[in-house]
Amino acid sequence: MNNFKIEGIVAYPVTPFFENSSQINDEVLKQVIDLQISSGANAIAPLGSAGEGAYLDDMQWNHLVDKTLEYVAGRVPIIIGIAELTTRAAVRKAQYAQAAGAHAIMVSPFSYQKLTEPEIFQHYQTISNSSALPIMAYNNPSVCGVDMSSQFLVEMVTQIEHVSMIKESSGDIHRMHDIEYLSNGTIPFYNGCNYIVLDALKAGAQGWCTAALGLIDDLPKRLFNSYRQGLFEQAETLFKQQLPFLKFIVKNGLAVTVKAAYELRNISVGYAQPPLLPLTEDMQKQLKDLLSMTLLTNT
Amino acid sequence: MNNFKIEGIVAYPVTPFFENSSQINDEVLKQVIDLQISSGANAIAPLGSAGEGAYLDDMQWNHLVDKTLEYVAGRVPIIIGIAELTTRAAVRKAQYAQAAGAHAIMVSPFSYQKLTEPEIFQHYQTISNSSALPIMAYNNPSVCGVDMSSQFLVEMVTQIEHVSMIKESSGDIHRMHDIEYLSNGTIPFYNGCNYIVLDALKAGAQGWCTAALGLIDDLPKRLFNSYRQGLFEQAETLFKQQLPFLKFIVKNGLAVTVKAAYELRNISVGYAQPPLLPLTEDMQKQLKDLLSMTLLTNT
Amino acid sequence: MNNFKIEGIVAYPVTPFFENSSQINDEVLKQVIDLQISSGANAIAPLGSAGEGAYLDDMQWNHLVDKTLEYVAGRVPIIIGIAELTTRAAVRKAQYAQAAGAHAIMVSPFSYQKLTEPEIFQHYQTISNSSALPIMAYNNPSVCGVDMSSQFLVEMVTQIEHVSMIKESSGDIHRMHDIEYLSNGTIPFYNGCNYIVLDALKAGAQGWCTAALGLIDDLPKRLFNSYRQGLFEQAETLFKQQLPFLKFIVKNGLAVTVKAAYELRNISVGYAQPPLLPLTEDMQKQLKDLLSMTLLTNT
Amino acid sequence: MNNFKIEGIVAYPVTPFFENSSQINDEVLKQVIDLQISSGANAIAPLGSAGEGAYLDDMQWNHLVDKTLEYVAGRVPIIIGIAELTTRAAVRKAQYAQAAGAHAIMVSPFSYQKLTEPEIFQHYQTISNSSALPIMAYNNPSVCGVDMSSQFLVEMVTQIEHVSMIKESSGDIHRMHDIEYLSNGTIPFYNGCNYIVLDALKAGAQGWCTAALGLIDDLPKRLFNSYRQGLFEQAETLFKQQLPFLKFIVKNGLAVTVKAAYELRNISVGYAQPPLLPLTEDMQKQLKDLLSMTLLTNT
């Protein structure tokens, strides 16, 4: 374990492309990052699920890291997402992130052949041995094909030097109580399942990892702040206001829906990489209504 | 559709590495390929699940294609496995395989964000538009995170120019009847789930895709031949003889178990890439017994 | 184990009710039984899934047993289905079946709280101790909420006196190979998943448990006979002819679809017990087409 | 909808039997009910999962209803659990409960053939038409083989006269937000998954349905009261104190573990009905430790 800690909103920028291209649009990346920081981001975390991290080739990935560092320019810490099939590739990325000046890495296992716990443990251990960056162990069974129990996550934090934080995206609130209970409240954990955010904060989460910040203005930050200031009714109201939008983006594919929502807000982030398809027109219409409804209430 | 067809045993070589390294051992690759051809392979299919195709970087992957072409040297056709998250990467590999002189590609979708049928369809369509090689659509839900129904597979064969064969690895025999029924027997399909091979042949499969050929001598080929010659009792006997071994390698991770079995036969193929771990000693012992038992009966 | 054995078609009559009533229609029951026997039934098995055994109260259940015995009148053996939550109720029914003169019982576990293997074992053991009838252990995970492995089923046959046969309805053909392999071919097993019947016969099944006999004339029996006489092409043709119908009744709820099909053939079996609802009109139309198509080919 | 409402702890008595018998032990039933009422029960709910409601025959079931009414003697309201395969049996029980003087019924669907939403809807509708008692619609997918969405549950409350409350036992906290959101906070809902109770209260649950009351003294009631009085830290402490025990009884089968715990507390409730087996000695030891640990902290 080490001492880096983050609290609040960990914001996920998308990876913007020029239209119908897989070339990264740097200018729009800057625009998205600026929007998230001005909306109250406590950290910027590129290359997660919303950032299509798993879909980029090495050069794109490196470029994204470099440009994020450049555009954030020290305003907030940066946490780099790493989801790789091989330990070798994950190590390379961890080292790149460290060399570039990132503050932490968020690592999820990713599987073709299903991984056993000793295999996952070794994966994190090797990364920890190869880089000095603090590691957020990230459990996201719905996309990674691997489900890490709370007990196993806590063991890794206890036993692997740089693994010091947990991000839980399974959506099962009970896992957070388990982390809290098993670590006696000593391990900072973060919520990655947008639509249970309020429960997660109540369960002791230190922060909320979300692509919604900026996209729906500062509403996620206001929710977090209200809760932390003990304004529970206000937090409840803010939560209900965002809930339909949050559910929509989780249920219909984060990268695709978030990119469509940026377009609706006139920020041209382009499309997610094929084979991912853009949102259908019908779904775009639903999303537009949800977005309007959510933003209208933000006064 | 086009005219390339294969019948019999499609053999999967592993990707051999030098010990505790991720450097490909060309000499052992040649040895494995020669063993499989001398054991009766009707085609060689590198870079499938047993070949750790999804775990190699681009340079390793290219190297494996080139060396396979060189070592097979026209003795049998070559089918290259492609399992990529992005369509762009799959297209690049399809084109590389074609340029190198391979005879066909075996393509499975692979998913981080879950794919819809239109997304999968587009994936195959784009590959078909970019390469002239015949495509074997490969359904392997347990590792790819995507399950394609028989109906959808048949639609792709009917509607996408170069998709002309199906490999079914779900282990659900009924899917094969569906393919047969829905295509009126016109689409060649292949079994990829080792332990139901005899049922698959009875259901009309044109071939059996397996990493076991060579590893257990020519037993898989003898099973196929017996069945095709109408020697049903002999086929049954050969099947029962191989079944415990086939089940073991499927249930315990193909790449890892097959590599361990090669080592037991004194062919030094090295370990599967981390995070995959070598077979535990206890499991190695089980495997050794199964291997001995299976080979002893081959007289 | 004991010596009762059955081979061929085990036919499942429905439990006919007067229209919009839960009163059993004895006359129609006789009509259904006669139809199945004249269509070649090798045994009659009331009170299975198609017979709504789990939905009847004790008096209805007893009545059904008595009337079946009376109407079959010794023409073929009778196997009584028992699916009970408590061992006590299962024992009562086993004893009733024996006293009434049935030849065997077909017992499936049924669960509210999920059952462990020791609990299931004890269930069968207690029944075996309480009745002298041979027991067919029946695995049907989709409705019983319990999935018994082939290994466990074989253990029960080996260790529990009256458990002597297995009915497999999971639809996973590999389970049958396991039974065959683990028992060295000594345990008779039966297929309960209509749409894999031909694979099951090829895998060594002694019989086919089906509600389709009679409903589609003698087609199921002709399929069985063709296969057993070594007329494999004819068996294949007969299988393909019945397949769409068989799939429809399995996929859409056996009791409801089979009852609807009897009505389409002008045998008034009434409706399945609420909360089960009759087939929608749209589905009835599909069923009518499938039924016509299947019967038309029977010449 | 109608006006009956309950708030607080809905306590589940077990159904006590004489040792190794299926005869109900009335005296111990009275003892359990008295213990739960003196521990702060706001309602008594016999014949739920912990009460083995689904395992009793009609006479036992009636007897349990009668005796519960007699022993509670008006001190708190009584809610009778009904989980039946047929609508007919559920209606009979609803009418019996009403005639006996119960205040409400808690109805879960139960399935052999999987039920569709129209079938479930009709089940509740028919019960509502046959009895004047308020109905708590009870979703418990892990034992009932049916999972009702929050949307569907809310629809039933809106459209069926006597369905006025929801009990959610899926353990998915998000469902409670959905109920709250979809009904605009107008439908009272109750938590049935012990180990998420604190999240449930935070999400707006009116009460907690639990077999733990009495068994671990008044701890569940103190948790509820603390939360309602705004003593959040105390509620948190009380929750953590009970959590390991609550998890154990949920994960290892409610009826079996709760009965074992009563025995450990020297209240002879006997064993759950076969095929359910008593807790193994090893598990009893674990349970004893958990129980001591939980009770020790209650000072």
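Order of writing sets the chain letters: A, B, C and D. Residues in each chain are counted from 1.
Note that in this section a contact is a pair of C-beta atoms (placed from the backbone, for glycine too) under 8 Å apart; a residue touches a chain by one contact, two chains touch by 3 or more.
Remember, predicted model here, so these are calculated numbers, not experimental data.
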> Which chains are shared contacts of subunit A and subunit C?
Replying inline: B, D
> Which chains contact both subunit A and subunit B?
Replying inline: none
> Farthest from subunit D in C-alpha centre terms, which chain would that be?
Replying inline: B
> Same or different: do the copies subunit C and subunit D touch each other through matching residue numbers, with over half of them shared?
Replying inline: same
>> Can you compute the centre-to-centre distance for subunit B and subunit D, using the mean CA position of each chain? Integer Å is fine.
In response: 52
> Roughly how many whole angstrom separate the Cα centroids of subunit C and subunit D?
Replying inline: 36
> Between subunit B and subunit C, what is the gap in Å from one C-alpha centre to the other?
Replying inline: 38
>> By the touch rule stated above, which residues of subunit C touch at least two different other chains?
In response: none
> Okay, what are all the chain pairs that touch?
Replying inline: A-B, A-D, B-C, C-D
> Which part of subunit B faces subunit C closely enough to touch in the complex?
Replying inline: 171-174, 177, 181, 195-196, 199, 202-203, 240, 243
> Which positions of subunit B touch subunit A when the two form their complex?
Replying inline: 22, 49, 54-55, 57, 83, 85-89, 109-116, 118-120, 122-123, 126, 142-145, 253-256, 272-277
